[in-house]
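Below: the structure, in structure tokens.
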Amino acid sequence: MFQDNLTDLLENVQNGALSITDAVSRLKTLPFEDLGYAKVDHHRSIRNGFPEVIYCEGKTTDQIRGIFLVLMRSENNILATRASSENFAGVRQIAPNAVYYQQARCIVVNPVKKNQDANHYIAVVTAGTSDIPVAEEAAVTAETFGNHVERIYDVGVAGLHRLLAQLDRLRKADVVIVVAGMEGALASVVGGLVEHPVLAVPTSVGYGASLHGIAALLTMLNSCASGISVVNIDNGFGAAYSASLIIKEIMNGCQE
Amino acid sequence: MFQDNLTDLLENVQNGALSITDAVSRLKTLPFEDLGYAKVDHHRSIRNGFPEVIYCEGKTTDQIRGIFLVLMRSENNILATRASSENFAGVRQIAPNAVYYQQARCIVVNPVKKNQDANHYIAVVTAGTSDIPVAEEAAVTAETFGNHVERIYDVGVAGLHRLLAQLDRLRKADVVIVVAGMEGALASVVGGLVEHPVLAVPTSVGYGASLHGIAALLTMLNSCASGISVVNIDNGFGAAYSASLIIKEIMNGCQE
Amino acid sequence: MFQDNLTDLLENVQNGALSITDAVSRLKTLPFEDLGYAKVDHHRSIRNGFPEVIYCEGKTTDQIRGIFLVLMRSENNILATRASSENFAGVRQIAPNAVYYQQARCIVVNPVKKNQDANHYIAVVTAGTSDIPVAEEAAVTAETFGNHVERIYDVGVAGLHRLLAQLDRLRKADVVIVVAGMEGALASVVGGLVEHPVLAVPTSVGYGASLHGIAALLTMLNSCASGISVVNIDNGFGAAYSASLIIKEIMNGCQE
Amino acid sequence: MFQDNLTDLLENVQNGALSITDAVSRLKTLPFEDLGYAKVDHHRSIRNGFPEVIYCEGKTTDQIRGIFLVLMRSENNILATRASSENFAGVRQIAPNAVYYQQARCIVVNPVKKNQDANHYIAVVTAGTSDIPVAEEAAVTAETFGNHVERIYDVGVAGLHRLLAQLDRLRKADVVIVVAGMEGALASVVGGLVEHPVLAVPTSVGYGASLHGIAALLTMLNSCASGISVVNIDNGFGAAYSASLIIKEIMNGCQE
Amino acid sequence: MFQDNLTDLLENVQNGALSITDAVSRLKTLPFEDLGYAKVDHHRSIRNGFPEVIYCEGKTTDQIRGIFLVLMRSENNILATRASSENFAGVRQIAPNAVYYQQARCIVVNPVKKNQDANHYIAVVTAGTSDIPVAEEAAVTAETFGNHVERIYDVGVAGLHRLLAQLDRLRKADVVIVVAGMEGALASVVGGLVEHPVLAVPTSVGYGASLHGIAALLTMLNSCASGISVVNIDNGFGAAYSASLIIKEIMNGCQE
Amino acid sequence: MFQDNLTDLLENVQNGALSITDAVSRLKTLPFEDLGYAKVDHHRSIRNGFPEVIYCEGKTTDQIRGIFLVLMRSENNILATRASSENFAGVRQIAPNAVYYQQARCIVVNPVKKNQDANHYIAVVTAGTSDIPVAEEAAVTAETFGNHVERIYDVGVAGLHRLLAQLDRLRKADVVIVVAGMEGALASVVGGLVEHPVLAVPTSVGYGASLHGIAALLTMLNSCASGISVVNIDNGFGAAYSASLIIKEIMNGCQE
Amino acid sequence: MFQDNLTDLLENVQNGALSITDAVSRLKTLPFEDLGYAKVDHHRSIRNGFPEVIYCEGKTTDQIRGIFLVLMRSENNILATRASSENFAGVRQIAPNAVYYQQARCIVVNPVKKNQDANHYIAVVTAGTSDIPVAEEAAVTAETFGNHVERIYDVGVAGLHRLLAQLDRLRKADVVIVVAGMEGALASVVGGLVEHPVLAVPTSVGYGASLHGIAALLTMLNSCASGISVVNIDNGFGAAYSASLIIKEIMNGCQE
Amino acid sequence: MFQDNLTDLLENVQNGALSITDAVSRLKTLPFEDLGYAKVDHHRSIRNGFPEVIYCEGKTTDQIRGIFLVLMRSENNILATRASSENFAGVRQIAPNAVYYQQARCIVVNPVKKNQDANHYIAVVTAGTSDIPVAEEAAVTAETFGNHVERIYDVGVAGLHRLLAQLDRLRKADVVIVVAGMEGALASVVGGLVEHPVLAVPTSVGYGASLHGIAALLTMLNSCASGISVVNIDNGFGAAYSASLIIKEIMNGCQE
């Protein structure tokens, strides 16, 4: 980004189309819009084709709505995560076609179409039923980013046969997102069974010595299986973002 | 113990065989021998048939030898754990037939015979090669307590087929001891496959966020599989002791 | 399970009763029923004679009711733990004979009869009055699994005479479950007094440096007494499950 | 793997080429070789084209040599990580062409050639000079797996201009591995600058409140930048493994 | 207790006043009353002259009232700590003269008179205003145990002159209880100024890295001043109990 | 303080204006007023020109009002932090001109004028929108202490261009306060860009492994950039106080 | 101290014996001697009759010797703790009659006589043999401070009868110091058996989840028994200091 | 820096003195020198007048020497911290006038003169003798940066009179650096006594629950005194750097 901008700008300075003062000033007017409480980035979706994402936690509904208003002037495919139903009520007033995914706690406005090749998909796997909300955040995020998703839920290692019955769907995925709380052992077992990148999401599901997800996090970081990398506790969005970057690279690889 | 002792003692008081002063004093002379730095318990093996066990860490070789001398006056089947080869050198001078198990770091003197029924055995399972010393402490302890042991080593979940190939031996065990470091996921997977009590031993094998065994410990405590209980990090002895109590109860159950 | 299933299946393939395609497909149709949000296991009670157990925390009442409906088609003796009274209200609509144990937070449907021999029992011991809810989860679970239970409550080590007065009942138990919060010292003292397996359950009872049960958990893991293994904080169910496996093995031992 | 094996096996059973007893027994003889202390997997490189990797920590030189011997019978491209120079001395006796990478602490035997397309490379970035050993473990691993690697060292955020000067090389990489200790902020900054997957490796470099890498680990897990996933502290190997899986998928994508 | 009881009992056995069976049974009927959910100890106040204390947290109002009822049959001077106003409402119905100390969260029934010598007093010191509730628990407990108390509040080390102005009252105390949250440095400063035992009570007052009192607890445990010992976070009762034991010993020392 | 007070006092003793008894007694009557629950310091503003500050958390509205009443008798420029709107309602009854800053949660009464030289200012920088309340506590505190403040919000490192666009304002500040949650990397980046003291305030913004601000705190303490010092989590006030001391010294430096 | 010094000094100022300048200067020359690296306090033993104590850890032998030289000019009864045998060799050169207690790691020079009344003694109790070095630090400290000490070693709760046999000696002590590692449960049990102040010393004895004494520390802080206060891990000296203060107060109480 | 560089560069592009390609390339050639393992920054001392500082931990002597060589070509006043005597031996070979400060573990080459005004000084204060090495790192750093330093050692709060005797020197300092281990309370007390910025350095001095400096760190972060900010454990250099920035601003303030 810097590189290209600089070259353009320098050419304009050289050919007189741009004064030095203007050039310096423009170098400061970088591509975001300042709302005071937030600096909204207009170029991100141009840069990587992914939607602009609003993280709602800790923001007021008014702030969230303000950011939506700015983005909707120039962007499609806007995603808000960790959105409460109250946040959604506020957003719907200015974006009537906004959709709210309740389990995932996501708002989506003007989504893009999915990529065409359903053979390239992300598998989202959970150990238990209670891990589903985090998994849905991952699945909705990945879908909003244009990906195909296969959901494989409640296949924790205590009943290994449930997991083994899904081996085909797991192994054909380009990337696997494993969402697990309690002891988080599912990531290791999946990591040992597939030969694709595994993104592990510890959840805060559990009690006592699960320490709000720390136990699952440590399990995943210490996995004896290779090919596993880890995101923050309950961070379904983060795993989906990384998975989407991988899929994008694979798709790009095909086209080169 | 208290119960029986009290009844005997009271009868002797009643029939005049024992004065009150003597009775009170005898109530204090409980069945141990005081070496100053240690109070050696002579009755434990009478009580439960298990050997007296000396935990060597933090004791000098002289202290260990002193305790051996006292025990050898009246006991067979003496076990010392966490023993260094230097400790062993000291003990062998007074107990020429002492045996040293190097990996297990155990000294055994005058072991008893194993129980006759090899169908009742304890399976000791490790996730990796590095977990073997802790597993051997468990195995040698269990054998010294008279049990049959099946060793199933290096069957961690990263290569699930290695574990599944041992399913028979695992499922026929009365108790399974799972020894695993790193993320410790093996305990959950074994717990989901067998229908016998599983004793999980986290080991300090690992690095970084394994936190010297804390990660594996948390994994095991939070296991989504049922029937798993946990002992301290690297505590092979403790798992073998609990497993031996269970076997003893089963064997007693048969005889009742 | 795998072993037997495979043998049967292979025989059917050999004798033509089963086509290869069907065999492969059947190998995938393992014995659970997929509700989307949960994969309900129909074979568990066949495998070990224990009830199917539903862990309610993190599930909606609708999900819990859905799982009950599936299980009730083929199973007796269904247990739900960590159930709120709201969960129970929902379940009772489809299972009018369901029973709710309020302190234990358990729902039981169609329980089996207890085993006949009351001499084989599990002692459930608490240090204080505040530990009783966790103890009741253990006791109700054990009873639902067919066991006899002796409750020995409020015998913490600050008043040792209260514990010593229960020595007989403690020592005659096949397994002792010790439930204690605060500093959790009761496990060590009981472990030193009985010669049976002790399952220790730390509770989150306490304040300040009890760290929501971590203090008691560490105490129990580091116990100087042998024969103690530990389950997760407040996990009365887990201790009862392990204890029931031991009792089952003892009872089986008698019959062999 | 299971799937194909089962189909072949069932066909042989059906056509009488294989007895049922043999089939069951073969299902157990899965493709690894049992050394007692280790179960060596012969099929991994067939499965994913990656070398068999030996993790040396906690293994004796004899054990390591034993595993090399087994692997060298059938495999090329063998990698051993966390190898001491003493381990290397032992291995060289049986593998004279073994190469030792001292900073990376890796032994490589019979490496494969790199992939042909140098445009697909992994950038390995460090914050400081002290992070280089971990970075080298990542780089040597990635190269042994056939990848091109660009090393960009000592570009920590305290001197942002050093990093910005490398923006081109960073942005053209398919995957970026960021290796940083102390506060680990480099991962977030790189994550904000590139649009490719970032694998973050916290190192134990630092002192005081760095807590042996925990501080950097937490920083990376909580990154405000998207597209970052994290491996264990000092786990250069793990990051390279995941990165290699991604590159392999991209390369495969091109060929499809 | 045991000692005297045993002597009496044995004499009665010897002179025939007590049968052996009765003696054994009496040895079990130790001096507490079993309410099922609680075993109320009737002998404690005989043993050390201190009131029986009911810790209300985690008990229902019904349970608390039940224990009060049992104690009021034979005891004066009953103290309940961590009592809510709702608990008090329940207790007042059966003990109309019960007094509730709101800040201290204590209920007192039938208190004894204070000791006569006001020169022997306990100083209760707080760092800030927010520490007062914990200090009041200590003060009310100490007063209910018959002691004189001097309250010295809001003298934290940020304004050292406030503390130095109270030096006289501090130094004449027999025991000083220091109650402090945040960084808890007051304990060290007081410990350096007085030559009497200091009991330090960390409070959960503070925010952020105070970790709910852990910071103050660590400060106090690591104090560079001598003569300081520490109780649990917010445990005003515990400090007052220990202080009262010391005062009792001093008073007894005078009378011997 | 001590020094001057002592000299005056001693002169009065020497010239007979003050008796020894009075002198000793006056040495105790140090300059604060005792409300029982609080010892209000009247001299602080004389000592350093800063307002008296009331920390409201853990104090009742009545206590807060009582302290305001005492201070308003003799002081201007009174600041209350961590004040709820309920606290404010109480204070306004006695101080009608009190102002409440809602985001900052501060009450200010009779503020002083700012210093004249707007070139000396404190920059208050946040990583995200959610960090603004803590930043406002810092900004309002600094302004109440007479300083000029530049607010630079939502410039986290994930979009480095937003920060670089503010470089001028950052570099001209005398002191920079960096307020950041999540991974807190902004402090390191700012520390590497400016040559003025940086005060870093970790916030509790974040989730999962942010551990309520501990992750950001550790990041800031381990910063590879120099010139950064850290205050407690969410302690905007503390950073502003330190910053104000620095500005005061610079202003004083000018006048000397 | 301050109080008396001020009165004397003011009288001298009043009667002209002291000029104001000298008085101010003397107020600064407080009673310690400055060695540059240490400020040695000459008045401590005058203040409380206890020896001056040198904490050797982190000091060079030269520094230790320097402090001894200063103290020996005016003091008897000098104690150095955490002294290595190398430290002792250095000290003996300047203090030929110095005594070294190897297990306790203490050096004592010119000790005072013990108090006359052997009925007033401190009981020092250990759970195991490995706790003895910490207990000896406590015992030697207490004896150097003039107290009688009863050593009761290796009476951990795993064999309760060993402890109960010592009940008499425990109950007659004025203060009990309980030294225990591993789970530290001994403190609670002793606290429930005696009616005197108990000072609990957690030791770093143990392994795995004992966390270098943190487990025992938490146990002791959370004790359900009353009358227990706690000092730092392995801080035998600190417990003995507090115990000695209590004994001194009791002895003083007798004389008043 | 960026700002000015860009303006110059753009002017040269405009007036044809610089081609666009060269301009882009120059924008990349930022002012550091790349040694492969390190990128040495030549402009830092121009930017802020402070020496270039080499952090030696984790670097080989060869690497350190290489960096010295590069810096010595263009810089005076080079400081290396955490340098071993072995590092120094290597550096002296290429810089014969290098000076090694053993306690501080610092190497200094060609230091600048101190600033002229000795009234502006930094006070470096320690709680104990064992904290001196960290304090010396701070003092030598500050002096190498041209500042006057007053050392005030061994004035911990256990003997408050030692600190109060130094009040004058403390209060006249522009900045106070407080270095303390164990419980670190000295920072709060100093913070309450002076009206200048206090930089607190926790040290790893202590044992048991000091947790290698974490206890002191928490104390300092939670200080009830205002005006204190904190650096990493044992980070004397960091405190001196921040203090030097403040002094520089004051001196600059004077000159403006």
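When the chains are written out, they are named A, B, C, D, E, F, G and H in that same order, and each has its own residue count from 1.
The rule is short, and it goes like this: a contact is a pair of C-beta atoms (placed from the backbone, for glycine too) under 8 Å apart; a residue touches a chain by one contact, two chains touch by 3 or more.
Treat the numbers as computed from the prediction; the structure is a model and nothing was measured.
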| item | value |
| --- | --- |
| Any chain that touches subunit D and subunit A | B, C, F, H |
| Set of chains whose contacts include both subunit H and subunit D | A, F |
| Chain whose average C-alpha position is farthest from subunit F's own | B |
| Interface numbering overlap (same over half, different under half) for subunit F and subunit H | same |
| Candidate from D-H, A-B or A-D with the same interface as C-G, over half of contact pairs in common | A-B |
| Distance between chain centroids, defined by C-alpha means - subunit B, subunit F (Å) | 59 |
| Intercentroid distance (Cα basis), subunit G paired with subunit F, Å | 41 |
| Centroid spacing, where centroids are CA-atom means, of subunit C and subunit F in whole angstrom | 54 |
| Multi-chain contact residues (two or more partners), subunit A | 2-3, 128, 159, 164, 168, 208-210, 214, 217, 221-222, 226, 232-233 |
| Chains touching one another, given as label pairs in label order | A-B, A-C, A-D, A-F, A-H, B-C, B-D, B-E, B-G, C-D, C-E, C-G, D-F, D-H, E-F, E-G, E-H, F-G, F-H, G-H |
| Residues of subunit B that touch subunit C when the two form their complex | 2-3, 47-48, 53, 164, 167-168, 171, 174, 195-197, 199, 217, 221-222, 226-233, 237-239, 241-242, 245-246, 249-254, 256 |
| Sites on subunit A touched by subunit H in the complex | 3, 6-7, 10-11, 13-14, 20, 23-24, 27 |
| Complex contacts: residues of subunit H adjacent to subunit E | 127-128, 156-160, 182-185, 188-189, 191-193, 206, 208-211, 214-216, 218-226 |
| Touch list for subunit H against partner subunit G, complex | 128-130, 132, 153-155, 159, 161-162, 164-165, 168, 205, 207-210 |
| In the complex, subunit C residues that touch subunit A | 1-2, 28-32, 36-39, 41, 57-59, 63, 202, 204, 212-214, 217, 232-235 |
